[in-house]
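Below are structures written as structure tokens.
Each of the next two complexes has chain A plus one more chain, namely chain B in the first and chain C in the second.
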Partner chain A sequence: MDNIFTATFFVSIFASTIRLATPILLTALGEIYTQRSGILNLGLEGTMTMSAMAGFVCAYFSKNLFIGFLGGIIVGMICSAFMAFLSITVRANQVIAGTALTILGIGFSSFIYRIIFGIQKLPPQVESLTKFDIPLLSSIPYIGTIFFQHNLIVYLAYILAVFSWIVLEKTTFGLNVKAVGEHPRAADSKGINVSKVRYTAVIIGGAFAGLSGAFMSIAYMNSFSDTMIAGRGFIAVAVVVFARWNPLRAMVGSLLFGIASALQIRFQAIGVPIPNQFLLMLPYLVTIIALITVSKKAEFPSAYTKPYSRMER
Partner chain B sequence: MRNITKIFGHLKANDAVDFKLRENSIHGLLGENGAGKTTLMNVLYGLYRQEEGEIYIHGQKTDIVSPLKAISSGIGMVHQHFMLARPLTVVENIMLGRKSSRGIFLDTRKVAAEIRELSDRYHLMVDPYARIWQLSVGQQQRVEILTTIYQGANILILDEPTAVLTPQEAETLFSILRQMRDDGKSMILITHKLEEILSVVDDVTILRDGKMISSFKVTPATTKEELSRLMVGRDVLFDFNPAAVKPGKERLGMKDLRVKNDKGLPAVNNFSLSVSEGEIVGLAGVDGNGQKELAEALTGLRPAEGGKIFINGIEAENKPPAFFIHQGVAHIPEDRQNMGLAMGFCVSKNLIIKRFCQQPYAKNGLMNYKNIKNHAQKMIQDFQIKTNSTEDITRDLSGGNQQKVILARELADEPSVLIANQPTRGLDVGATEYVRSRLLEARSKGAAILLISADIEEIIQLSDRIAVIYNGELMGILPKGSQPETIGLLMMGKRQGENTGVKENQ
Partner chain C sequence: MSKKINKIIQAIFPALLMVSGALLTGAILIIISGNDPIAAYAALLEGAFSNSYRISETFVKAIPLMLMALGVSIAFKNQIWNIGAGGQFTIGTILSVIVCLYFKLPPIPTIILSFIFAFIGGALWGGLAGWLKARFNANEVITTLMLDYIATYLLAYLVYGPMMDPNGFGYPQSAVIEKVLRLPKLIVGGRLHTGIFVAIAILFLMLLFWRSTLGFKIELAGQGNDVSRYAGIDNKKIIVITMLLSGGLSGIAGWNEIHGIHLRLMTDLAGSYGSIAIVIALLGNLNPLGIAISAYFFSVLIVGGNTMQNLTGIPYSLVDIIQGLIVVFVITRTAFRTESIQTFFRKRRYQHNG
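Up next, the complex of A and B:
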């Protein structure tokens, strides 16, 4: 037990922190667009499960991971378009619609999976995405191992965080999204199509969640199970609030979850004398505590979860 | 605008209305609430489509299908509820919906410079990079004006622009409007304040029940009485001139009271004031200077952080709301729709909501609906509440009648103390007159009334003494008959005594 806290230990912890934070970050980034436009999509858990299944199926039959990711993204967009339809056009209660979508997504994905593959002794597998060492940078001692020896989606997630910040803060589209979430009537009176902006924002959120779901089944793992998302969709929603709708802060929130997950896995591996059920709780507990302490400052978008209609005052 | 008709369900909100705006003029659109002023202007601004009628701009027939079309036709609107997203900056709000010169990226710097220039030209004093929530209400309104000018409007519609302003801010606004008129713009001023019509407006059009009643040039000979008769359809009482009543002993007292707001920041600081039996103390102040927090502390709805509250001589700070109710403290809350009434309940239930578990409305935990209904019928008659039955849902009543339900509930059992927070906000002339006369009646029955209002006219008309709150602090107490300007100065944070020099220089 004495020599476990060595440099190697920390390097491997931090490297897996970065990897484990990736799906949370991707989903959270998408949900930032969605929530900024005033829609709460609680269906992310189901969306991610659907996309994990779709990504796996596409990759399995095409033997091409790129097609797998594409499939995951498209299914993610379809699921969230459904959510957008319920919350924007039908003006349904978003919490109920989202919860229903989650339950539907988890059930439906395992149904389809069972139809395609039946019951097999060993679960079908794909060749998962291999890591890509960035030339030069990856050979820096410690730093290289932590930051620059991951698969491409991991790099992409962090690039997308910066990209999303630019979109929200520096583009007309970002301004429209924020205005629609804060004061849809004002946006409407300036000639912005509130429904269209909201649909777009929710579907962008679905694309991110789709990529994240596919990441789980064909990059992080190499097979599908209907429990593999394991609450990450909900954690991502928590991270969004923790980050106060800022993509860069979402990075911090995701890493927090990542480090708790990484520690939990490592503690189990080295046999820390704590029942593993409690260790498994760790990432979720960390998320809840972080959320409680930080989110007091959170100022929700004014039109959060409120459907908009021009005729109502 | 010719022959405009707009129908909502069964209601004709506008019935064949004609409206003509001259170039380079300020045109007042006068009418009570529900007379169809805002509807007419929403038609002009493309928010509603008219069922009948045509709109001509500079002699050209124009079909205004959307606000976007209105903007491109040179029409801008400053709404009563500001169309500004609070966490965003001024320039972000103005850029909204506008094509950027940098394609998909925002051209913040360029727009900010242009805004600054426009702001200087009309002395609007707006910082383009300030966030909306940091600005005062008057400043936010100027941002709205700036937005419309920036969009190239030469016809401006202002919906009740002075409802939220201090007299000084209103004066600033009017001088801006005059300057804009001289600069070649035309403005429509929607209002139900007669003073404004007389002081700034060139022409006036009066609507009543959706119909155009009259339209004429305002001359020095035009009087308030004449306007109100056209607007209400009968003579209206303006000066209550309540007989002086000798106040009795203290009923409501505050000593160094401190209260925090929802964000945990101090909202009321070391506030001391006393209200006696048979006295109305007016508390003047611009919205958001701690009035809401004070009223809530005085009714047990918000904890006091320090200091003392006395109700009928009993120390009452941090006692539960039930204590205040038992002591006969009545409360007319500022936000009648969220705090004053359960909007989904029927009228009879709202009328007993404070005493629903007491005799005769309930016994042994069972409601006595017969007594509740009888009580409601009596109240509806006594307080002239316009409703079809005691079981009508409160949401369906007009604003004035909703306020009457609250009045009936709070005044029915002759309260010893009444905290009235903005009791006539948003009500039309007729309903306002009614509410004010009821307050005076409660006073003559011996209630100690704290009248919190942002409307200086109201404060002056009704109060025996006038206290002014600014930033949670008491700025001073003025006697009956003080001038609006004096009160206004205190409302802007000049302490009593500090302002004398300024006044002499004017």
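Up next, the complex of A and C:
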């Protein structure tokens, strides 16, 4: 008991923190594009489940993980295009549309999976993505194990965080996304096609959620179950708010959720009598507190959850 | 009188249309999956109605769903998107069991106190989100969702920790509440209990509520800040009251499940009730009677869905798909309806000007 807090313990905790934060980070990054454009996509849980299923099915039949990831991304984009259609074209309530998408996504993925594979004693499996040790860096003691001995998607997620920050802060496209989220009418009068930008932003969000869903079934695990996303889609929404729509802060938020679950898994495994539920609760509490401070400063995109119509004043 | 019947038909017809649409889409999916849709739905109905136990189950499941959907509907009327009914329900179950296990009171006061605690617990859990919205402008979608998770982990903490049954062989569950505290069963060999009368009483209270001043104020507040401000309504206060009541009803649903069905705390008691309650409230058009009918309909789907899976091999998830489709139809219809109303007014204005 006394010597569990050794260097090995911390190294393995931090390494799994980085791995566990990956699906949350990926989904949150996509949702930042979506929310910045003024759309709240609450259907990420369903999108991720669909992509986890699609990624698994594609990888299983093609025996190729790359096709699995591609399948997951495409299905993620299709799901979010549906969300975009409901919230932009139909101008339906986004909270309810997201709820519908979550119910539908989980229902459809479990239905399709059962139709394809039926009931089997052993769940069908794929060879999941192996880890890739980055040469030289991975052999640095401690640091190497924590940061440089993961699979490629893990590295990609953190690279995409920096990339997304650049896209949103330094490019015209990023500026347009923020403009339609802040003041769609002004953006419209400047000649920005509000629906087009919003559709693009929501579908980009779907691509990220799709990669993240496929990560769950063919890189983090090697099989599919309709409960495997386990709330990560909703956690990603929390991370986005926590991060105040900044991709780099989303990295911090995802790591916070990651370390909470890493510690919880480890404590449970070694039977430490610390109530780990409080640990798991902590990120949600922090999110509420973050939300209070954010809302006061009114950092929400001004047109958040508001459909845009040219005809309305 | 015929006008009234007309009005009822007008209210029910679209709901029936949307349900049929969803069932029809479900049938197409069944055909694609290589099965017979008629056999599937027949199995579903058989699973829900073929014997008295199953029929009683349809009512057993409908009670908490209806109570939670009624709660959700109060918030939705005020355009507050309470998606954390599951968490408010969970707090209700926790407080009910605490009263039953640790307050050494005679049976009747215990049941009543448990009811009050469950209501207050659910109300405070919802009201907290309402207060955060009123005070800090914190988006209720996020806060109710976060509070939902916090409640789930709080429940897990209690059943793994301080409230774990000392004679329960380490299972994550609390001790069972005393026999005298259980709601009496209504039929032999079924689980239907007297909680249904409480649910019916609350249904009637809700019908009256929308005719009361407070109900009217909540509805008015939902029409937009300006409308209600001109009517002299304190919007912030109404937001908090709305969420208190909304959460309170889910708390009562928790009380009902503890005293009538579960009799103890276990992990994840709320399951997916929170999201089903949203679907029911919407299909019921936020109207108490509509909600009662759609709660029963969904309960039939849930009870029959398992039998369908066992008899025909069609996955239970078809029920989820039908639920999701119904929501899509409802919101699409609502959106188009508001659209047409707006176009109508705009046309009138133009005609007036021209």
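Just so we're on the same page, the second predicted complex is superposed on the first by the 288 of 313 C-alpha atoms of A that agree within 3 Å, B and C clash if a C-alpha of one lies under 4 Å from a C-alpha of the other, contacts with A are read in each partner's own complex, and residues count from 1 in each chain.
In this section, a residue touches a chain if its C-beta (ideal position, glycine included) is under 8 Å from a C-beta of that chain, and two chains touch if they have at least 3 such contacts.
All values reported here derive from a predicted model rather than from experimental measurement.
*Asks:* Applying the touch criterion given at the start, work out whether A:Leu26 contacts chain B, chain C, both or neither, answering first, second, both or neither.
*Replies:* So A:Leu26 meets neither chain B nor chain C here.
*Asks:* After superposing on the shared chain, does chain C or chain B touch more chain A residues?
*Replies:* Residues of chain A touched, chain B against chain C: more for C.
*Asks:* Which partner does A:Met50 contact after superposing on A: first (chain B), second (chain C), both, neither?
*Replies:* A:Met50: touches no partner chain.
*Asks:* Tell me which partner A:Ile229 touches in the superposition: chain B (first), chain C (second), both or neither.
*Replies:* The answer is neither, since A:Ile229 touches no partner chain.
*Asks:* Which partner does A:Thr171 reach: the first (chain B), the second (chain C), both, or neither?
*Replies:* first
*Asks:* Between chain B (first) and chain C (second), which, if any, makes contact with A:Cys79: first, second, both or neither?
*Replies:* neither
*Asks:* Is A:Ala186 touching anything from chain B or chain C once the two structures are fitted on A? First, second, both or neither.
*Replies:* It touches chain B, and chain C stays clear.
*Asks:* By the touch definition at the top of the document, which applies to A:Ala92: first (chain B), second (chain C), both, or neither?
*Replies:* second
*Asks:* Should A:Leu255 be classified as contacting the first partner (chain B), the second (chain C), both, or neither?
*Replies:* It touches nothing on chain B or chain C.
*Asks:* Which positions of chain A sit in both the chain B and the chain C interface?
*Replies:* In chain A, no position sits in both the chain B and chain C interfaces.
*Asks:* Enumerate the contact residues on chain A facing chain C in the complex.
*Replies:* 40, 42, 86, 90-93, 95-97, 99-108, 110-111, 114-115, 226, 231, 234, 237-238, 241, 275, 277-278, 280-281, 284-285, 287-288, 291-292, 295-296, 298, 300, 304, 311-312
*Asks:* For chain A, which residues are in contact with chain B within the complex?
*Replies:* 170-173, 175-176, 178-179, 182-183, 185-192, 299, 302, 310
*Asks:* Considering the complex alone, what residue numbers of chain C touch chain A?
*Replies:* Residues 29, 33-34, 81, 83, 132, 136-139, 141-143, 145-147, 149-150, 153-154, 156-157, 160-161, 275, 278-279, 282, 315, 317-321, 323-325, 327-328, 330-332, 334-336, 339, 342, 346 of chain C touch chain A in their complex.
*Asks:* Mind pulling up the chain B residues that touch chain A in the complex?
*Replies:* It comes out as residues 45, 47, 66-68, 71, 77, 79, 82-88, 92-93, 95-98, 100, 104-106.
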